[in-house]
Amino acid sequence: MNKDAILRVENLVTSFDTEAGRIRAVDDVSFEVRKGEVLGIVGESGCGKSVTALSVMRLLPQPSGRIESGRIMFSGTNIADLPAERMHEIRGNRISMIFQEPMTALNPVHRIGDQIGEVFRLRYQGMNEKEISEGSVEMLRKVGISDPKKRVEEYPHQISGGMRQRVMIAMALACKPDILIADEPTTALDVTIQAQILELMNQLQAETGMAIIFITHALGVIAETSDRVLVMYAGKVAETGPVDKIFNKPLHPYTKGLLLSIPRLEGERKKKLHVINGMVPALHELPTGCRFRNRCPNAMPVCGTVHPPVSIVEDEHLVNCYLYV
Amino acid sequence: MSEYLLEVNNLKMYFPVYGGIFRRQTGKVHAVDGLSLKIKKGETVGLVGESGCGKTTVGRAVLRLYNLSGGEVFFEGDNISGMTQGELRLLRRNMQMIFQDPFESLDARQTIGEIIEEPFIIHKIGTAKTRRDEIEKLLSRVGLSGSAVTRFPHEFSGGQRQRIGIARAIALKPKLVVCDEPVSALDVSIQSQILNLLLDLQSEMNLTYLFIAHDLSVVKHISDNIAVMYLGKIVEYTDADSVYKNPLHPYTQALISAIPVPDPSERKQKIVLHGDVPSPLSPPPGCRFHTRCPFAFGRCRSEEPELKPAPGTRDEEHLVACHLVNSGK
Amino acid sequence: MKRLKAEFTNSLQSKNLQTIKPETRKREFRVNMLRMMIKTFVKFALVAGIFFLHVPSYAAAPELPKDIKWLTNDSDPVFASQEAKRGGTLHAAVMSFPMTFRVVGPDSNGSFRSAILDNHLSLIGIHPNTLNIIPELATYWAFGKDKKTMYFRLNKMARWSDGTPVTAGDFAYSLEFMRSKHIVAPWYNDYYTREIDRVIVFDDYTLAVVATKAEPDLYLKLGIAPTPAHYYGKLDDNFVRKYNWEIVPNTGPYQMSEFVKGKHIIFRRKNDWWGDELKYFKNRFNVEKVIFTVVRDMNMIWEYFKKGKEDEFGLTIPEYWHVKSKTPVIENGYVHKIWFFNDTQQSAMGLWLNQDREIFKDINVRYAFAHAMNVERVIEKVLRNDYFRLEHGFVGYGKYSNESIRARRFDLEKVGYYMRRAGWDRGADGIWGKNGNRFSVEVTYGSEAHTQRLVVLKEEAKKAGVELRLQNLDSTAAFKKFLEKKHDVAWMGWSTSFRPQFWEHFHSANAHKPQTNNITNTDDPEMDKLIDAYRNSLEEEERIKLSVEIQAKIHELGVFVPTFMVPYVRHAYWRWWRFPEIPGTKHSASLFDPFGSMAGGLFWFDEKIYHETKEAMKKGEKLRPVTIINETYKMKSITMKIE
Amino acid sequence: MIIMRLNPLTIKKIKRFKSIRRGFYSFLLLVLMILSSFFAEMLVNSRALIVFYNGNYYFPVYESMNPGVKFGLDYDYETNYRQLQKRFKEEAKGNWVILPPVPYNPYENDLREDRFPPFPPSFAEKHYLGTDNVGRDILARLVYGFRIAIIFSLLLLLFDYGIGISLGSAMGYFGGKFDLFFQRIIEIWSNVPFLYVIIIISSIVVPSFFTLILIMAFFGWIGMTWTIRTVTYKEKAREYVLAARALGASNSRIIFRHIIPNTISVIVTYAPFAVSGGIVALTSLDYLGFGLAPPTPSWGELLQQGWIHMDSWWIGSSVIGAMTITLVTVTFVGEAVREAFDPKMYSTYE
């Protein structure tokens, strides 16, 4: 694999205990993140994209969730089995995360400045209070918040959703992480605000050179932000490759179907949209073999056997489908 | 009888805001501020705008789920704006609603059978047996199996639940259906299924839709005419194709530009609006968009632009509320 | 000491004293209460001159009648011990801090008042064994012919604690004080107007106290206490507030010396008390200091006592005497136990049947009820044979008591006999019934502690076919219910008086109406005749005869089922405390009462034994355990034996 | 009713509840305790279960009183079956008596000739937990006291919930002036020192079982009302309510068919704690002497005795033990119910 990889996830299996028994939300997923790139993980709800991110952050809900097997190699260490205390040093420092709903991720009773300052306080123990407050203001300015000196005095409920997401980003970036995991960061935002945030993230990434794992269900957002894309379906990787390959030359029937089913602005009105029949199977009643086969227009008998292996179709364009075996 | 199934004249919806220890009214949210709209029978009008622009309020106000703060609503030519909830109950079978959140809008404690039966019970239609048949028909029409009747909402996926919501809405064969963001909570692969279903139902039952969404591409796909809302007002109104091909209002333009296109080769230069949507508690004077408009000039800050036919278009075909456009610059 | 009293009467009645209306209260003074009050009254008298105008007797320049016959008493036996030594400190516990140090006015009616009042001596006292009059502030006294007046000659030695001599004016001032509106004490205002007519001052040391009407046992009323006129001066509206925490000059052996609110109060012995050498005060009031510490829980007091932080602990309650006292300090002989029988008026404790209730209108049913009460079993099984069967309502009044009466005993056959005679039959549930009525009556009581006794009574009564429904109310509420005559059966005890009081309890004048003490609604013409005669007679012999007759009549009516009496006191005390040969008097309510002018202050501290004991304790040396049982004054009517 | 139909969601909750073993076993134990207390007459009673006398069978437990003469004894009052048993044995005439396992009722004083109560536990005398200070069997009093306490709490619960749910949901649903008015009422109400009121009332009248429940319910409804009001507020704002309104459903239909069924989980979750609250309240009142009239068997009264007779350890430890078992089981059940209804709350992050 690529030498530039700063994070390499190998055969990750994450499972949850539910009433229906133990389910594997992420099943044998491998990917890598390279320095300075944006890796987009796309998929529908329940495909395991968020769980993948939480596994990397080691933020699985206890006691039900756990990493069953696989390795998460981060700068030479397997953080999948790192003790919790050592994980504290990495999480938020070297790998940061922003969430879909910034209101719930911010503490409503603390001032914005204090919340950003807290990050500095934890990260750089030597900083004095003045430096911390200056740093907070500076971070806010960096994420494009106007009048940051006034904003640090405000509480999360006093600012708008877009601004909150900017604050979250400021907090995530305060300690200059190597990787930023953005889990649906714009889903709760309006289109015009989404555009602002995406622009901001692109700009910050260009500035800092950090790697971003961008998780979303919106193909449009992926197309606009990512360098490489990982398409997930029902806990497994369906297809992975550079962004232009995925969008222009999708291989997996799922990717294809997905791209076709989106109504496009330039499309014909009231025309029947392409449909992927059926629905995403629940994780406790997965079909055998390829998990997509019940909905796949190209399903073959072999698809019912075991999950298709990875096929390298083209340079860096990998797909898990018997059509390409 | 009017050619319009629904006519909305100068609709106003203000919500009081209370504060202080005596819970006095301290202000009001101008959710919808003087909105007019007409929908012909069998037509779909799309209402698009960002969150907080009042589009959901319009949908609910039209169905008289609120008492109006001002303006009039005519349904089949009858003025329903002053009707009491009791009087409205009879009308409800003709106007229905499909909700955004398929998880929230179904009572988790009821079986699917009970949920779909409820409109029949409320309006005292049919016997237990005829209802059962109806329910079965409805379920199969929206693409669910009859066995769903005894099951509960949480046993279904989001898309299936939205189908249930649709079945409930069309149970009494309404004339008007307000679709409030019916697909925005759904997965991409399910969204197209639901949109197709809505289109099929429309043609089968000659339904009239007021289709509310924030996603312009979805709205454009399903609508005949589109109204773009900003802060409680319509800023542009035209047929669906013109919105895409010939957006006139700067806000509409920005909206279209901001939509991420699923094509990495088209990473185009965007019009990125700056700043946030102002609070509807105290909308800015003049044109409400002037705080974010890249073309705003003096008049925009003081004088509120009227929604009127844009220069160079025929009457009532392409309306826009912008000093810049209307003055022909 | 206070604890003992509470148990001694019973908690219900001591509460009554605080809550019932003055009119009712007046009739129920126990001997010492009466004395306290007299003292209080007398206590406040005169700043010379200023008040003379208000007291008409002064203006008339009175003269003593010529034929006056002065009496005194120096021949009765002393009851203190010559061996007594002065010194030591008594540590006692009180369960609450007083709300005020005033002895009149709002909030003054607390249990601590007696500690203050005991040190306010009055004109005359009563010998605790002979019940004769003995000198206190007055050395001589005389009875007027009108049977309304008593004359007194003061002891010229008598001093207030600030050194001022006690003079006749102080007694006149008492009247002035007690009648004053400023003290906010309506009952006293009323009593000193209606009962005491005036105080006549002949000279500084000679006075007369005049009652409003002739009556028997006049001296019980007229031996009032002085009030320090020089201290109070002219009263005003500020009185109540101003004297809340003031230490008022007194005439007794001790005076309060310091206190911390909510914590403790210390009394100190006066160095040269004027009464030290008086015959009946000599060798008494021996401790130097009395410390009352506030401990709000009985169990805690017991624990403190065992640790030596308290000097004595009342053991009247059987549980303590028999069980809890099996504790190392007692078994090792460091703490001694004493059981001292006294012979004093016994509270009329028992079941009072309301004759206005249909069921109790039939005398047979009343008799049957009495025979269905297995009081003996309660005494035997619950009270460990420590309490004694009360035979009738007026035990302990000397010659005034009818010693021949025996309470009706538990007897199933007699119950059956009387019930059948009344026309009742036993029902299917075993309870007597007649015309659809069951013999089921409500027994109302006001002390949680008595539940234990009543449940046994109830179970036993069931065997006799009588159902008791127990109703435990707050004592105030219970008493209110009784006074309103709303009870079936009242479980209560009346407080005692110096002489039997019949009119209040058994005269038809008080029957069938609320707020009177005739809670049995006794309405019997014959009884009325006897009671009227008793009230109107001023002849002792006749009164005694009538009293005995009335008691027989009460027994005959069967309206009262007497239950228990406790004619003794019991203490545990550290062995360095010593008593006279006869540790108490007939009327001792406690052997560790430090102040009581009648029978208190007989004990003393033996320093030698103190050190000896401490030494032994330090060495872990065991001493001989001691339990003293003194039956000198044990009532003859007590037939049960002591083990 | 909808609530009773077994929603698979409910089934799932029950399953989840069963899987929380501590709570489930506590629940079984509690049910066993309650059921057996309902049949206490058969288990703890001075009356015999069966008497065989001169060829006839008698079942005194559920009969009216049998005087001693009926069985050839010389008294008219209720037969002492323990003595009867002994006597029949001695006579050996083929008569016999079967007594319940604990042959005492909670009222009778089993007094001995040579000793004074309280008596320590004795298997020979079948006082398995000893007697109280008047010779009443402690186990008998515990069992009957438990029955009273549990019925008391259940009835109290019924009252509190009845008022709380109807008023609370009305307040939450209608809001506005109606809500404001009752809010103020509740504020005033909750400032009434409830214990004092009970103390005052019970010092004037001895509260009977039902008046005590009424008095307690008089104050107890507040908590539930408040909770239901809040929950209703939340539910009312949810879209399914709007959906029902859009369908033309009436207010009462919305409240009874939609909102209340959806608050069930809150209601159920609070119930076990309300039960233990009721038991504690009754016990404390009895302890303070303001509860049920003596000689009603009562844990509070036993506790009071235990405090006074500390040397008689079996009194205090029996009642404290019984209370601990009951409260711990109820609490375990409550926790399990809560967890079964809302498992999310019990997840943590490392």
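Miscellaneous remarks
Note that the chains take the letters A, B, C and D in the order they are written out, and that residue 1 is the start of every chain.
Convention: contacts are C-beta pairs under 8 Å (C-beta built on N, C-alpha and C of every residue); 3 or more make two chains touch, one makes a residue touch a chain.
All values reported here derive from a predicted model rather than from experimental measurement.
Of all chains displayed, D has the C-alpha centre closest to the centre of the whole protein C-alpha set. Distance between chain A and chain D, defined via averaged C-alpha coordinates, is recorded as 54 Å.
Centres computed as Cα averages put chain B at a distance of 90 Å from chain C. Here the CA centre of chain A is 89 Å from the CA centre of chain C. For this pair, chain C with chain D, the centres built from the Cα atoms lie 46 Å apart. Chain pairs that touch one another: A-B, A-D, B-D, C-D. If you check the complex, the residues on chain D that touch chain A are 12, 15-16, 347-350. Contacts from chain D toward chain C in the complex involve residues 64-65, 67, 75-78, 107-109, 111, 116-117, 133-136, 202-206, 289, 293-295, 301, 304, 307-311. Interface of chain B with chain A (complex): residues 50-51, 157-160, 187-193, 195-196, 199, 214-218, 220-223, 240-241, 244, 254-267, 270, 272-274, 276-277, 292.
Contacts from chain A toward chain B in the complex involve residues 44-45, 160, 162-163, 190-196, 198-199, 217-224, 243-244, 247-248, 257-259, 261-267, 269-276, 279-280, 282. Contact residues on chain B toward chain D in their complex (touch as defined above): 23, 60, 63, 65, 88-90, 92-93, 96-97, 99-101, 104-111, 114, 118-119, 122-123, 151-152, 154-155, 165, 168.
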